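Okay, got some structures for you below.
Both complexes below contain subunit A, partnered by subunit B and then by subunit C.
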Partner chain A sequence: MNPHNELPNRFSDKVRAMPGGENLDACYACGTCVSKCMIQQKVEAEFNPRRLLKMVMLDKQTEAFQDPTTWMCSRCDLCYPACPQQIHISELIHSVKQLAVEAGYSSSLDVVNVDEGLCSGCGICVMACPYEAPSLFEKGVNGSTDRFAMVDGTRCMGCGICVAACPAGAIARDGVSNQEITSQIKTISSNSAPSLAIFVCDWCLRAESDLSILESYPDPVNVIHIPCSGRIDPQMALLALGRGYDGVLVCGCKPGECHYVRGTMIGSCKMEMLGRMNGQMDITGQPVRFVQIGTQERGRIREEIDAMLNSMPLRKES
Partner chain B sequence: MKKNKVAFYWAGSCGGCEITITELGMNLIDFADQVEILFWPAILDFKYSDVKALQDQEIDICFFNGAICNQENEQLALLLRKKSNKLVAFGACSNNGGIPGLVNLCDAEAIIQRVYYTTPSLDETRGTRPQQITRVPEGEIEIPALCNRVRTLAQVVPVDYFMPGCPPVADQVWKVLQLVLAGDLPENSGVIGVDEKTTCDVCPRKKGNNDVRIKEFKRPHEVLMDPDVCFLVQGVICCGPVTRAGCGLPCLNANMPCRGCYGAPEGVVDQGAKLLSAIAAIIDTDNPDQINQILDSIVDPVGTFYRFSLADSILNELKYTRFNS
Partner chain C sequence: MVDAARHPNIDIRTFTEVERVDGFVGNFNILLREKSKYVIADRCNGCGECATACPIEVPNYFEMNLAPRKAAYVPMSQSVPLIYNIDMDACIHCYKCVDACGSLNAIDFSMEDKLVWEEIGAVVVATGFNHFDPSVMEEYGYGRFPNVITSMEMERLNNSAGPTHGNLIRPSDSTNPKQIAFINCVGSRDKRYNPGCSNFCCMYSIKNAVLLKQMYPDADITVYYMDIRTPSKGYEEFYDRARKMGIKFIQGRPGLITEDPETHNLFVSSEDIALGNVIEREYDMVMLNQAAVPQPDVDTMSSVLNVAQSPGGWFMEYHPKLRPMDSPTDGIFFAGACQGVKDIPASVAQGSAAASRAGRILHSDEWEIEPTVAYVWTERCVSADGKKCGLCFRSCPYGAIELEIGRPAHVITAKCHGCGGCVAECPHNAITQLHYTDAQILAQLHALLAEKPEEKILAFRCHWCSYGGADLAGTSHFEYSSNERGLRVMCSARMDPDFIFEAFRLGAGAVLYSGCHPQDCHYITGQLVGAARAERLEHLFGKLGMTAGRFRVEWISAAEGDKYARTLNEMQALLNSLSKEDLKNEILRLSPTMEQRAHKMRSLPEIVQAMEFSSNFELAMVGKVGEHESA
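Presenting the complex of A and B:
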């Protein structure tokens, strides 16, 4: 039975009938969720779950569908443990988004695209995506049936996890394509000071002061921003070492605080395994490291960078 | 008509690349009729002095299989490069190091120790150890010294064409030999005898969907594998996603995962690291403590991710350049 069949026409009732919607009326608009939200702090001042919930309660459908909150929530659920009413706010926002998609609205985010000329249809992106955005489909090519991935732009959050996972280099979005990231990895010629390539997730550093710490290090300590630590490709870490960096530090969010749900776990698996492989090859001194920085851990980024710089022996070209 | 002058050579290899040529059957007879074979130690009686006596670039095309494992391999690579107009890295070992490239996990002395002293089936009481120079009544005989590091052919001399595979399958070999006969080899150097895209593109197995993620990896002998379902979905590491298509899927058809012998596709600079990037993304856990446990189920990560490409990897390069301990 389709639960939508017997719905009354009121927008708020439609939301109430969606999964998690029953909690709508529990919200008393305290705004704790807003204070916890990284999007509100870092990207979009207009992002406001409290206001969105209020819009829904007041049946302001068009406003709700157009509100950036509907489209930008990545379901990290940082707000859930803080909510005194224990509402899964992200579930509610997701319900509003689903209704918006059904009504023909589309995401305002930069989403990934698949290049069918490169896609092999392996399905890795389908399994990797935290948001069930990619799926496989078949179509006839030159008389035979071929399999490709396609990405549902209304589900994609632009985290880039699939871009790193795609073995064929078939997935990209502006700013996080393989080329754009690898072109930022410099070639280090002289080793007068320890050099370090830092790949830092866009979300793990909460405070402005932490971001300015990153900028305070002179060359050859270089920072490359990635949307999520799940976007790191171990090839990039190896390329950086191959181009002369003494070390590679990848920074992501603390488990449970990842903006893209699974990203930090994926990043940690990659870097842990790369470290193990370095060990197998007798590459010593832990030249690749992964740190997970919690939202409360202000200043930790400096400690981690300094610890790494101090522990790295100067390496000479051989 | 002037006959093409061809040569075949085996360096550090198992001999499988030579076998694949004999697999051509009657086509090989046709081929041999239409070319002049100047050197092919596996099949015909030639001496190195015969090669040395050739004019420079007298060989039109030389198919060189095997990795560069010892001084003899290296000398022959240099000699055949000099005597050949076009040099083909033939097979996984000369392309990417192949199985011999896994030697780079240790060094020459460790290999000698293993082979001549600590292999369990060995009668080590005899203490036989090969010497580079041995005196016999007739004089001195010399065996080539083992290199400390296994290299690909292109790491030793410039290579014109790369033809991967362990071994390159007979169908692809025949296609390439026909190009040789017709004079239709591509003008620019590059990879030949392969298909576009990756093995997954041609693999008919049912792929994963968004409710499939991996909590434990299994090796092929630990699990009964469904022949119709993607190996990765079953938790068995398959190199198909990062391996060029063109082999005709003999391993997959025997219900074994792809091992990666056809090398990385265009755009992948390090086959093992790219495979890790793909595999890590399909691991399923919310619990950080479980990560190590899941990764522990990948026994021998270098041997798994870089089975055929270690000698050609950035990881390997780091070991021998700036990160040698």
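Presenting the complex of A and C:
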């Protein structure tokens, strides 16, 4: 009898052989990953990496492929540095997802679509995407070959970074299209109190108390929810300034904690550039700021909004 | 402690460091550095006037820096002996203490460290453990959030002699906390910091929770845990009692603590494993049960005492099950957590065992040691001719070899533990090991390879690990090649290259060189000596064009019977894959080289008797003497 004669090609063995799977059996189900992750608290109650790891260990392939954890993990890697057993959980979940895709399962997430009528094939979306979901392909149109972007639905996490990046407005998904976001930017008529447009990413405010702080500000302070701070388009900020806001504040996650890997970096670069351009054009009265709020910075959003409101010069009566 | 101080046969030296340990069991010479206290011990009566007069305050380490102490101080009120001490790092030399001391004249600022040699029969090491610093774990916010404290800080806040006289208060606003959380396994069972379990923290957090519940029955107390480990007598009952008192136990390791910036209340996020949901609960105060880690100067102590460390930095015992209180060096014993984390009952048991072990030495005129000691053949040692060699000296893990150029090397028999490293290292075969002489091992080797050596796998096994591994493979009925022929030596350090050369000269099909894993070596660093040699041999055989795998090196512990069986089966598979003709040609091609390499050993006078013995043995066993010689 050789204890090392194991059944080949079991589901768990396949995962063990893939990236992240090498430490699978080290998991002692402490729940740290679940408590770090924000998906269960914010989106999907059934999301649970600890349970997915157990499913893999016990060879429950079908359950694992159908589990929302497999499809919803955005590889933000908050869990990996916290895991006491050093299991690369997000990488492991990604490996399970790859096996699920090979087996013919598909993502239940809302993903972006490309309008080929508008797409110019410039490839900016390919560079912007943190998940390598968009790619370019060529096809014949009216006798000549033309380039278009296409999005791999199993890779797209729906962050909308490409939507903001697309210069032609050819990419969109329900809920984060340019129209839907810009329609939330109200036009400011009264100019008694300082008004502020706050674009806030869905993930940076972890605590419910922080969300209620946002709601506690009265009307000339308006909150526009975007899935990721990388979704911010400088044009949206300019539009808000044009509609009469005294300033624009964009809230994103701390680098390293971004739910969509690098969206916060992309967003902060855009707003930094916009701020500089405004400075060069002498638009100094209407500040544009980007703040990065960490998971442990409970209550910081209030400080940031108050600082912004206090720093804004009172508008001249016109 | 006071009893110990009064005992006529006990001499307590505080504020003293061990700088050197020479000698051997029963005859140690140790060098002590008695650090200067700037207070003359004979004159100080412990009145404390100097501390009252001292104007300097620094954080008090004993109170976990929660209270101040003066530059003239005693570490704690129960210090034995009660002699004050001036902290020169803090002192501003105002000499108010000198005035306060008055006619006692006990303070002497010109005092210097004293170096003292002492003759000692046995040493008991009881240096304890240190606490893991949880501020490196950003997720818990220790050091940034004032109301996150460690269990040791809690211990002082809760102590009637502590800085708050036993009134448990929140550091942020000095109010009594109502909601209190304990978090277990902070820095322990965590591969990022300390992979091991800290043993006593489960009971420790339950004890603290029960204590607080008794003092503040209204308090809402929660213990976050991964597993509650209550393995000793009465422990589970205590845990049961805590649950019945209304203390909440939540299974789930918190991943994050956040703080309300205004109230400084803390929010602990964890998954409740039973519910499968993330829960966030608000607390006034959070206590981190931090891991036990080795003392920061454990490396210095290791080299001073010449004792090895187990993985994790704890001192390594002679045998983890049978001799946990003995160090590998005779006459040095361990008590308590310095050997591995343990709770109070286990520490007391080990301390008592160490004391009785030490007592046995002090009451003996003679001391029994392992019989397998090394012995120098003085006329062969080149050191006597003034040549610089010293290989034996460098290979000895115990410092048992005295070497002086111009005189032959000398083994201090009382220090030798019989690993045989020096014997195998000596290029002149000038050292032999009793009961494992070259001749004895060669005789075995010849007998094992007497018949069809090209089919045989000669396995060198060390006594403590791989021999046990082979044994386990047998008792577990793991099948492995029946062509294996095992040869036991005390340590992989004893596996002389000459034996390997001789085995290949005789035409062995394959040779396995096996021993302990480096951290398991019974002879401190014997395995390292063996491993370095094995690497050299592998390199050499590669250069000579030997088929890779015919000489194989594996580190197999006594618990790895499966690995032993697997290794042997892989080696057999290699031999099966070679054609008989090719193998025979290779053996014949390498034979002259091997003979030449083993030449020195073969010129030993004893070797003739060894050969005769082995021939007779062969004759008796197979009746085909000398067949392999002709083959």
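In the analysis below, the second predicted complex is superposed on the first by the 306 of 318 C-alpha atoms of A that agree within 3 Å, B and C clash if a C-alpha of one lies under 4 Å from a C-alpha of the other, contacts with A are read in each partner's own complex, and residues count from 1 in each chain.
The working rule: contacts are C-beta pairs under 8 Å (C-beta built on N, C-alpha and C of every residue); 3 or more make two chains touch, one makes a residue touch a chain.
Computed from a predicted model, the values in this text were never measured in an experiment.
Aligning the shared subunit A places subunit B and subunit C next to each other free of steric conflict. When both complexes are overlaid on chain A, the residue A:S212 reaches neither subunit B nor subunit C. Across the overlaid pair of complexes, the angle with its corner at the CA centre of subunit A and arms to subunit B and subunit C is 130°, in steps of 10.
Of the two partner chains placed by superposition, A:S183 touches none, neither subunit B nor subunit C. Contacts of A:L118 after superposition: subunit B is touched, whereas subunit C is not reached. A simple residue count on subunit A separates subunit B from subunit C, and the partner touching more is B.
Contacts of A:T284 after superposition: subunit B is touched, whereas subunit C is not reached. Legend: residue contacts after superposition of the two complexes on their common chain; A:M273 is shown touching subunit B, with no touch to subunit C. In the superposed pair of complexes, A:C129 makes contact with subunit B only, with no contact to subunit C. Contacts of A:Y28 after superposition: subunit C is touched, whereas subunit B is not reached.
Touch criterion not met for A:T62: it reaches neither subunit B nor subunit C.
Fitting both structures onto chain A leaves subunit B and subunit C with a minimum C-alpha separation of 19 Å. The contact surfaces that subunit B and subunit C form on subunit A in the two complexes do not overlap at any residue.
Taken together, the subunit B residues at the contact with subunit A in this complex read 104-105, 197-201, 207-210, 212-213, 230, 232-233, 240-242, 265, 267-270, 272-278, 280-283, 285-288, 291-292, 294-295, 298, 300-302, 305-306, 313-325. Those residues of subunit A whose C-beta lies close enough to touch subunit C in the complex are 1-4, 26, 28-37, 40-41, 45, 48, 50-51, 79, 82, 84-86, 206-207, 209, 295-300, 303. Across the complex, subunit A is touched by residues 138-139, 141, 185, 189-192, 226-227, 251-262, 267, 269-273, 276-278, 280, 477-479, 562, 565-566 of subunit C.
Within the complex formed with subunit B, the subunit A residues making contact are 118, 120-124, 126-129, 132, 134-136, 146-147, 161-162, 164-169, 178, 230, 233-235, 237-239, 241-242, 244, 255-256, 265-266, 268-270, 272-274, 276-278, 280-285, 287, 315-318.
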